[in-house]
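You will see chain A twice below: alongside chain B first, and alongside chain C after that.
Moving on, here comes the complex of A and B:
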């Protein structure tokens, strides 16, 4: 401390310790949970040696029917959500970026609202919507996918707009000067420039979908529409085996692999880090 | 020059989607809250405002006014969120400050990735990790006992008995909320501290301010917008949480407003009362939401102007 007072530009030791301790505290418990996925015994608290049994045995992630079904349903919702939310968000971002005048502010606010609405409010709202306005659909896969698209859409818009701002209007104007009609300006000039941001937002949507709990739980129906986070919620306090840690580990690996891949693609093709988009991805 | 309608047309699918699945959905909460229920206690929404039945909403408000169960739960929610937020700032600010102002070179990337990583680890998996560690024979329980922290907690009245971390302790719920939401606070704090112009701090130092007074009079005030934005960003999901108390406590003694709404709507058959409580919660959150939207819109306009 005294050394720091004498030379304020030196490394403040106390802050190093606090930051180091924080990182350890935030990541070590999860690392231990991953480690217990490879426990040879049935305990999630006592280490009994290393084994792959909670992945490969009959009661492991890759064979147990309930775990299998949860994993498949989680990935299915992720794929649907990416397929719907990405195009919807990209067109909304393009439209909002150039839409001047009446209505633009309102739509912009409506687009940002899902980002700040407590998820339980969205869960209750969508549940009542599907019970009372679209009762024919029932609860399950379709409502779950719709609910996830509704809150992931805004992330796509934020990421794509970040990129649109950094591209600027020059390319489009050049294309217009060279006689390209509007649809060609979008399809042949803007979209290719947006490609890295589209990949990034698709990855973020996939990760958000896989990790989502509240909306997915509120809109779930039959047991076959249980996802991995729902399974974790339902059995974390029971007396399950490390298979629970194993299935959490599998989803964690899928999420991190998707995001890392998208990040590399983005860095490779967007010409260096693009602060706005990277910040949005971190959001 | 393109027709103004091109852009509106392009935006229309997204606008339509949000109108139906966000706005109409929210109106469904209003219609149910001001509706009635049939003999099987299923909700019957009243869509037209002139048909509204205010009975259920009045019952909720009367309970809040007269200090009934909902008031107890609301007060508990505010206390849990306030304490968790204060602890989160205490932990998060120094970490964000260090990451933004003192880490350089290769370490910066490593520190940033470590700070972002919890973001993309499933919240429920992070809770599962602690449930395993804090169970009676868990490693954290053993370490806390060995260091003597459990006795300090028992002495302070924050823990009922040794190894009972998961038996409905408010202190455990608060620590779990802090663990769960701190990462979401650190990033906005980091962003605002990173944006501060180093020259302003150097100027304060050159003018004779000591390091502490430079921090107190320059860095801290300049980071206030980040502190507020980050606090709102984590307070909103905390107010809507129900799974954290469910997982680390599972006792009605630690129920917060999210648990109450969840019990009435998703699990239970009192959806009309649940919808009324959801509206009360939304109204209470409105100030926070409007504040956050205003600041992000200002930041967005700035970014557009710079580009």
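Moving on, here comes the complex of A and C:
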């Protein structure tokens, strides 16, 4: 065994073992949760046979109005968040890229703040903001969307800037050299080259949005503004049934599908491209 | 390229670019007449690329004028200047195919679709890439990409074409071929080429005129033969080709040339700044030194020992340590005559007066490195 692990000519086997163990450990709870979504009985711990009842029956995800509303609202927030945070983040990244001199460094650091601010702090702060400063807005969809955009924006900026740095200034200069005015340099050259990073960041924003609990919970209003994570959290302590596993499974599938699609698009256009974005997508 | 008239004169006047405290280009004056193949040559950091980027419009001059056919364009943005650039890394747009790349700039010329297609096809024919219109840049070799970059710039019939070390990324064989092609293309089109390189051989073989730059200034500008055979400064002598530098004391000989005292020996020097007096440097090219049998009598000769004999194929490069300690390099043609110069052999070097050139002190800023007396080619 020791000799097998230490064979210097093989792949680093000790690392393979550690990696394998970690992957198993991280997948196990997810696999269990998904498995019990297909349980025939009401138990979330004892296997009673395979069934689609928690998806398709009267109490299943596709019929339960509370679950359905939560799923719809989650997707709605996800779409709004992508639609607002992505273009805004790309614009910011382009602006920051061109901003040299005084203040640029400070702003750069500030852009990263939301990434390291504890979410609970941001949630409380945003709640106070909407209650005290903009009480007219009330709580619900609009504050939830604004809150999510606030913290997902940074991810877009980081991913897009990474790509901008690797693209460099030369393509823009070439476009200018060939007669393209500044807006055409962006539209005809920079944006097409950024496409993979934009798709990647949109996917990351979507995944973050449908996954978010803290900020979304703080800024929620009427029951119709409950999202899937909130519902999961609330009912986990009530009378949980495999329907919860089912809805968790649905969200998981949506998230994975989005990320895989984005990853494929990125690979297709960036030809394996820069590591930063791939890494960002894989988190 | 019918709308192209005999235009394309570039004049740089007192052109300066500072980055903070550093003057990358320090007040240069150059004139590039229409249709000339003009090369800016120098080591990295000499300001040649910054100068080119200012002509293209990518850098804004700190002061000075860039006069293109009589109009000062120093403050005109890049997209409104009728000059085009071939970039060192080509900067082909990876998301467009070859035809798309070449057609990129034609959009701003308000041509019909047919005309655009025709011009693209012509440009691709010109660089011999007729069948490659649908390829993506990533599917082309380095040499092909370079041609696309050329076609993309030439299709716009610029008055001036700027080339930033366009052959730098290619292997030696391909480079030689493209040097010839590029020169032929320039002669055929009659466009002013402003070429930047650090490769002295490239500069000498292709250019009508060469400006040797150092420390943000022009050391010397002239035809390739002038800058090679009549370098006016130590830097130019040193940077172009292999040269031997001798430090000595110059005095008058009353016959138009000057007498140079190097150590214990005196030489007559008939070239260069022969009116200089006092401490000067003189240079002689290795190919102008005549290697003779030991103890050959006569003026302008000095004895030495062959330290190294390097076989170069068509010639031998001899490193001869002469009396006084200097090492001089001399080329000995491999012409079948008996070689008097095995390592360790004693020889006499003849430095003919008309090959010995007295140099003016370097015109550049003071930090010119003390030149190795036998510095090799750049």
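As a convention for this text, the second predicted complex is superposed on the first by the 262 of 283 C-alpha atoms of A that agree within 3 Å, B and C clash if a C-alpha of one lies under 4 Å from a C-alpha of the other, contacts with A are read in each partner's own complex, and residues count from 1 in each chain.
Everything below uses one rule, namely that a residue touches a chain if its C-beta (ideal position, glycine included) is under 8 Å from a C-beta of that chain, and two chains touch if they have at least 3 such contacts.
Because the structure is predicted, anything quoted here is derived from the model rather than measured.
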Under the stated touch criterion, which partner chain does A:119 make contact with: chain B (first), chain C (second), both, or neither?
first
Partner, of chain C and chain B, that touches more residues belonging to chain A:
B
Looking at A:176, would you say it contacts chain B, chain C, both, or neither? Reply first, second, both or neither.
both
First (chain B), second (chain C), both or neither touched by A:250
neither
Check the residue A:189 against both partner chains and state whether it touches chain B (first), chain C (second), both, or neither.
second
Figure out whether A:160 sits in contact with chain B (first) or chain C (second), or with both, or with neither.
neither
Taking the superposition on A as described, I'd like to know which of chain B and chain C A:67 touches: first, second, both or neither.
neither
Do chain B and chain C land on any of the same chain A residues, and which?
176, 182, 185
Can you list the chain C residues touching chain A in their complex?
56-58, 77-80, 83-85, 87, 89, 91-95, 104-105, 107-109, 138, 152-153, 156
Touching residues (chain side chain A, partner chain C) in the complex
170-171, 173-182, 185, 188-189, 192-193, 195, 269, 271
Quick one: in the complex, what on chain B touches chain A?
1-4, 6-15, 17-19, 21-26, 28-29, 31-32, 43, 45, 91, 94-95, 97-99, 102, 111, 114-133, 135, 137-140, 166, 179, 182-183, 187, 191, 205, 210-211, 214, 232, 236-237, 239-243, 246-247, 250, 258, 261-262, 265-266, 271, 274-275, 278, 281-282, 285, 288-289, 292-293, 296-297, 303-304, 307
Which of the residues in chain A end up touching chain B in this complex?
4-5, 8, 11-12, 15-16, 18-19, 22-23, 25-27, 29-30, 32-33, 36, 44-46, 88-89, 91-92, 94-101, 103, 107-114, 116-129, 131-133, 146-147, 149-150, 153, 157, 162, 165-166, 168, 176, 182, 185-186, 207, 210-211, 213-214, 217-218, 228-229, 232-233, 236-237, 244-245, 248, 251-252, 255-256, 259, 276, 279, 282-283
